[in-house]
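Chain nomenclature is as follows: A, B, C and D, assigned in order of appearance, with residue numbering initiated at 1 for each chain independently.
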Amino acid sequence: MDDVLKAMIAVEDAKVSFGAVRALDGVTLRVMPGECVGLVGHNGAGKSTIVSVIDGGLTPHEGSVASDGERLERYGINAARGRGVRCVFQELSLCPNLSIVENTRIMHRHLGGFGWRRRAAKIIERSLDAVFPGHGIDSGRVVGDLSIAERQMVEISMAFSDAGIAPRLVILDEPTSSLDASLARQMLDHVRRFVAAGGSVILISHILHEILETADRIIVMKDGRVVAERPAQQFDHHGLVKAMGTVAKEETGDRPPRAQSEAALVLSHQTAGRPFTARKGEIIGLAGLAGHGQTELLLALHAAQSGNWLPERDPLVTFVAGDRRLNGVFELWSILRNFSIASLGDLSRRGVIVPDEEQTKGNDWKRRIEIRTPDMANPILSLSGGNQQKVLFARALATHAPVVLMDDPMRGVDVGTKQEVYAIIREEASRGRTFIWYSTEMDEVRLCDRVYVFREGRITAELAGDAVSEANIIAASFEGVAA
Amino acid sequence: MTSLFSLFGKPWIWSWLAAFVVWFLTIMVTFGASTLGLSQAAFTFAAFSVIVGIGQMFVITLGPGNIDLSVPATMTLAGTVALKLMNVENGMILSGLLVAIVIGLVIGLGNYVLIKALRIPPIIATLSVSFIVQSAAIWTNRGLRIKPPSMLAEFTTSTTLGVPNVAIVALVISLIAWFLLEKTVYGRWISAIGQSMPAARMAGIPVDGTRFVTYLFCAVLASIAGYLLACFSGGAALNMGSEYLLTSIAVVVIGGTAVAGGDSNVPGIWGASLFMFLVVSMLNTYGLGAGIRLIMTGLIIISVIMLAGGRRVGMR
Amino acid sequence: DTSGKKIALSNNYAGNSWRQAMLTSWSKVTGEAVKSGVVAAADPFTTAENQATEQAAQIQNMILQGYDAIVLNAASPTALNGAVKEACDAGITVVSFDGIVTEPCAWRIAVKFKEMGRSEVEYLSKKLPEGGNLLEIRGLAGVFVDDEISAGIHEGVKQFPQFKIVGSVHGDWAQDVAQKAVAGILPSLPEIVGVVTQGGDGYGAAQAIAATDRKMPIIIMGNREDELKWWKEQKDAKGYETMSVSIAPGVSTLAFWVAQQILDGKEVKKDLVVPFLRIDQDNLETNLANTQAGGVANVEYTQADAIKVIESAK
Amino acid sequence: MTFRFSADAMRLAIPALSLTLLLASVFWLQPRAMSYVGLNLLFNLAVPIALATIAQMLVMAVNDLDLSMGTFVSFVACVSATFLRDAPVIGILILSGAVAAYAALGVVIHLRNLPSIVVTLGMSFVWGGLAVLLLPAPGGQAPDWVRWLMTVKPPLAPMAIVASIVIAAVAHLLVMRSSLGVLIRGIGGNQRSVERAGWSIVAARAAAYGLAGLFAVLAGIALVGLTTSADANIALRYTLLSIAGVILGGGEFIGGRVSPIGAVIGALTLTLAGSFLSFLRISPDWQIGAQGAILIIVLALRLMLNRLEKREKRR
């Protein structure tokens, strides 16, 4: 109880769901003054969600937030900021059309009044100098003109800047994803200084050594729950990974060793790094840290193989989207129409759709991939996320395109369904289909015959057969990163 | 009961309901004596709005920002050139129609070339094209009103079994449009593009080809409407299409087609076209002035969008 | 001597046959005047859109271009006053016609639009002494000419109270719009004996009425060739009688000569009146024969005509 | 530190360059324009257009589009030529009400997530109807102080130039320098992050629309000052002119990338383009088409320069 009184922020038993997705399933978390808490967990574990709860952007459906021993009833963004809570979000959250100074103005609501520009410039420059000495960023520049790394530096400095209300808790959600090693070092050093001066930090990162050496205490999340919480010294790299549940899981689906090299080449592509090739019947994995060029390669492969002007009778590639909202579902349509859109060529005669064939094929796949709906005519949005994803799978598999591109397609798909889909993929591959599969999940990558590892937009390694292992992939992903 | 309820879920029902109410209010002035006359007139004039409205609907279905402002100029040019070419000879009727269609194709091509090659927003691209087309219409015959061939004039102004011939033409075009939208691959494609262009690309739809064909289709429908209207009103005038700029957009919006794209419906266009004609007739019948008429039109458009829309992220 | 003078025509709209005829007359008459050295130049300018703001800019450009006189068909009787004043201040002669301006420094060649409207009702009172119901077709809402003619018509109805206006629609001076508006209101109207119009809309009304089984009322026409032709057909078939009245597009040439006379140093009154061009049952054929197919009945003026008009105003 | 063009400076350089080019060719065609009176004549009708362009720009800054600008300015002109002269108090009340209506539109569009294009299309009928009710026939008269303001002859530079500079300066201060301006542009740039910083988006959008209404009101008053009287259709063209002006001035439809100085330059360019065309003495038949051609040419130029800018950035 003592802890609660002293805690800079204390979240009790927070529950948050987005529709059917339980993003947080009763999370209790405390951050003390003068402490850096490391937060780790697999993709979709709920890390960003708990961040939103702490920074006031999201009100938990159950549970409470307390600060300095006082339970906060009407906790919102402004209350959080008033208490000195600052956040660096996972995705870029500066206004690209504004200058750095103007962004500073947006971030600090109370900075107004005559001469704010001068003051804002001073504030952000002081902070930039403190966090990244020798940064060389002119505060008058427009954010859109900055490189990704510079933007991230500005965002981090923005969070540590002091415009009247001093920052007391700074939340860093994957802050180093675009920084090189020396800049990351500078930032982590600043975190230590900030903590030493009595501030609190929550540090989220998939780069485990950063967490291990910077955090005082490490919290491991899995599926919306906290599964482990210990002082940092009690963890080592292996222990952390184990706690995250990645290794502990049993070997899913043994990959029968297959000789592939003699199969016909179906696709090749020149990239910045090693050349990319795909053979008939192969399952090819694209691995590496998220956002290092895997999706771009898939988009490029798709663009190179599909026409924009004329309909193609026999497309070579088909695509399973991972970002359902952006380039997956057609929200106004029924499940059936969402399913059939990519294979209309086969379901029509002279451009006229044959409804019976569409219906039959739809029901066929509904059964085959177990889309849980009473009627394929229901709107697509009536399905749970996982089921929507199954429809996208069915859409791609129902075409006769020999190559299937998959852009991290298992987001939000539950374990049972995953196993079903894995089985289908293996079966289709054995019939000669090629799968090119970007995944952020190690289990899935290990299902592949061959894996390309990406770093900073280029292919840095190619692993095949038994070399496809977690250790090798991680090693290749971090190649060139000084620890 | 449930079928009645589901009827109210249809986006087009509101325009039909509104048209019916206005129709009823208008015929009640003469205690029903004007029923036949008013209905015939309504279907006759709605026909033109329906034809241009369908073209505009296809374009709007393509998604946020897609709109064709060259419709009025296209109507004028097609009408002027076709009538000049036919020169009151019945034998030239088909050639006239063909020329009108070719004009539509050329203008549609121009529109899409500007949109695609210069990346100009459709609203500005089609506006620029419309200025040039308008000049071309002036240049071709300096506004002289040439009469349509007698057979064509006769056809456009008479009725078959009490139904105006132009309404029959519009009905046929509507059926074709409905068939295209509901039954063909092309219809699926434009709807998909309107809902999400990236998703449509990833689903393997030839996005540029589809959009191009749609702009062509809109311009061709506008030119056919211009051809018919010129024959119906006894000659092409240089200001012939100007009315149809706002009308073509308004009937689409009031008809329940989503302005954010992806969702279109043909029956709504009819309801809205009838409504737009009848509301003017009603306000004229009740002796209300132009000012009130305009204000009511505006308020109706806003109310319809408030009733029907507001659920999806709109076009900004 | 005006052989060194330059005259410009500022026109706000080219989108109908009347304006096109006006421009054609202008080119024809001034072309000859330029060739024979009466004036140095007579250039026509039309704005892209029918907007007073654009025309004001156009007039300002003409000031810069150094024209000695501007002949003006104005988009608005008042909204150009600012630009016209500037032209006057720059020593430029401004002659407005058809769409006249109220700025006192400009000359006005006015058509008595009010009288035109009134005369329509007067004509009807002669043809139909016992009176009856009338349908009024108006022009474009918010425009000066529309208001004037309509006021004249209402004045006429007051003068001949046996008539009653039972319906009024806006036809925007366009056949197709008039046709649509008339067709919409017609079913709800009682029997009508006459249609009073503003020009450019009579044929549309006739088409709309012909589509019903009503008896054809007397439709006042507006001198368009298609109207006259229809009238002729009806006249030959069943002795249909009406009259047609409008302002002749050639009035632009009168304005040109007036401007030339002013530049020549003649004393000219600021307000001149031109008669509207009226076609009656007996001179229908001659007028029709003189009218270009698809055009408007027209009169072009000579320098002598202009001098006569100027003299008679004194 | 090396000097380098920021995107903002580039955005401004392109329109300024095209204005200079156009002005040079106008001077060449018509040397008389190169004088105090000449400049005033060339540019004074650009003043209301510039104000309307700023209004449109404010709406575009929050990623919306106003299709009722022209009818609204016409309506304001009608009010100014009638009430504002005869009963100033009522006139001011009506105009304040109109500005409030604009702010309310912003709120409704945001709260109900409506497409701004359709709502403002509807409003264009409403404003047009009100204008026709107010002035069924052209007429009214500009208040004397407005007339004085628009015909004043300041020393050194003509009114049109001084007014353009003042408008550009005020709008620049408001949109580019003030906190409110930053907030409004921030919404266009990244609404989510502005929201996360604790701002009320609804209030900011209402402010953007309200300010747009205010500038549009000023445009109407300025217009009446130049024309001396009003009619219901007087400014219909301003809708498209204002959009084109913003685009020409380097603004963009989305992303909150706008430039007030550029917008004023854009308005001046459009006005000058009209004069240029009339000095060229194009055949009357093609005078309308030439306007379309000029729009296309200028936008094509913009695309070319954008490409250059991108290449510059990649280096």
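What we mean here is this: a contact is a pair of C-beta atoms (placed from the backbone, for glycine too) under 8 Å apart; a residue touches a chain by one contact, two chains touch by 3 or more.
This is a predicted model, so every value here is computed, not measured.
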Chains contacting each of chain A and chain C, listed by label:
B, D
Find the chain most remote from chain D, comparing centres computed as mean CA coordinates.
A
When the centre of a chain is set as the mean of its C-alpha atoms, what distance in Å lies between chain C and chain D?
35
Length of the line joining the C-alpha centres of chain B and chain D, rounded to whole Å
31
Between chain A and chain D, what is the gap in Å from one C-alpha centre to the other?
43
Where chain A touches two or more other chains, by residue:
none
The positions of chain B in contact with two or more other chains are 131, 138, 142, 289-291, 312
Counting only residues that touch at least two other chains, what does the list for chain D look like?
131-132, 136, 287-288, 291
Which of line, ring, star, complete and other names the graph you get from chains that touch?
other
Inter-chain touch pairs (all)
A-B, A-D, B-C, B-D, C-D
Using the touch definition up top, name the residues of chain B that touch chain D in the complex.
64-65, 114, 118-121, 123-125, 127-136, 138-139, 142, 246, 249-250, 253, 259-260, 289-302, 305-306, 309-316
Going by the contact rule at the top, pick out the chain A residues touching chain B in the complex.
302, 306-312, 315, 318-319, 321, 326-333, 337, 341-342, 344-345, 348, 351-353, 395, 399, 401
Can you name the residues of chain A that touch chain D in the complex?
55, 57, 77-78, 81, 87, 89, 93-98, 102-103, 105-109, 111-112, 116-117, 138, 140-142, 144-145
Under the touch definition given earlier, write down the residues of chain B that touch chain A in their complex.
183-186, 188, 191-192, 195-196, 198-199, 201-209, 212, 258, 262-263, 312
What residues of chain D sit close enough to touch chain C in their complex?
30, 32-33, 37-38, 41-42, 44-45, 48, 131-132, 135-141, 150-151, 223, 226-237, 271, 274-275, 278-279, 281, 284, 287-288, 291
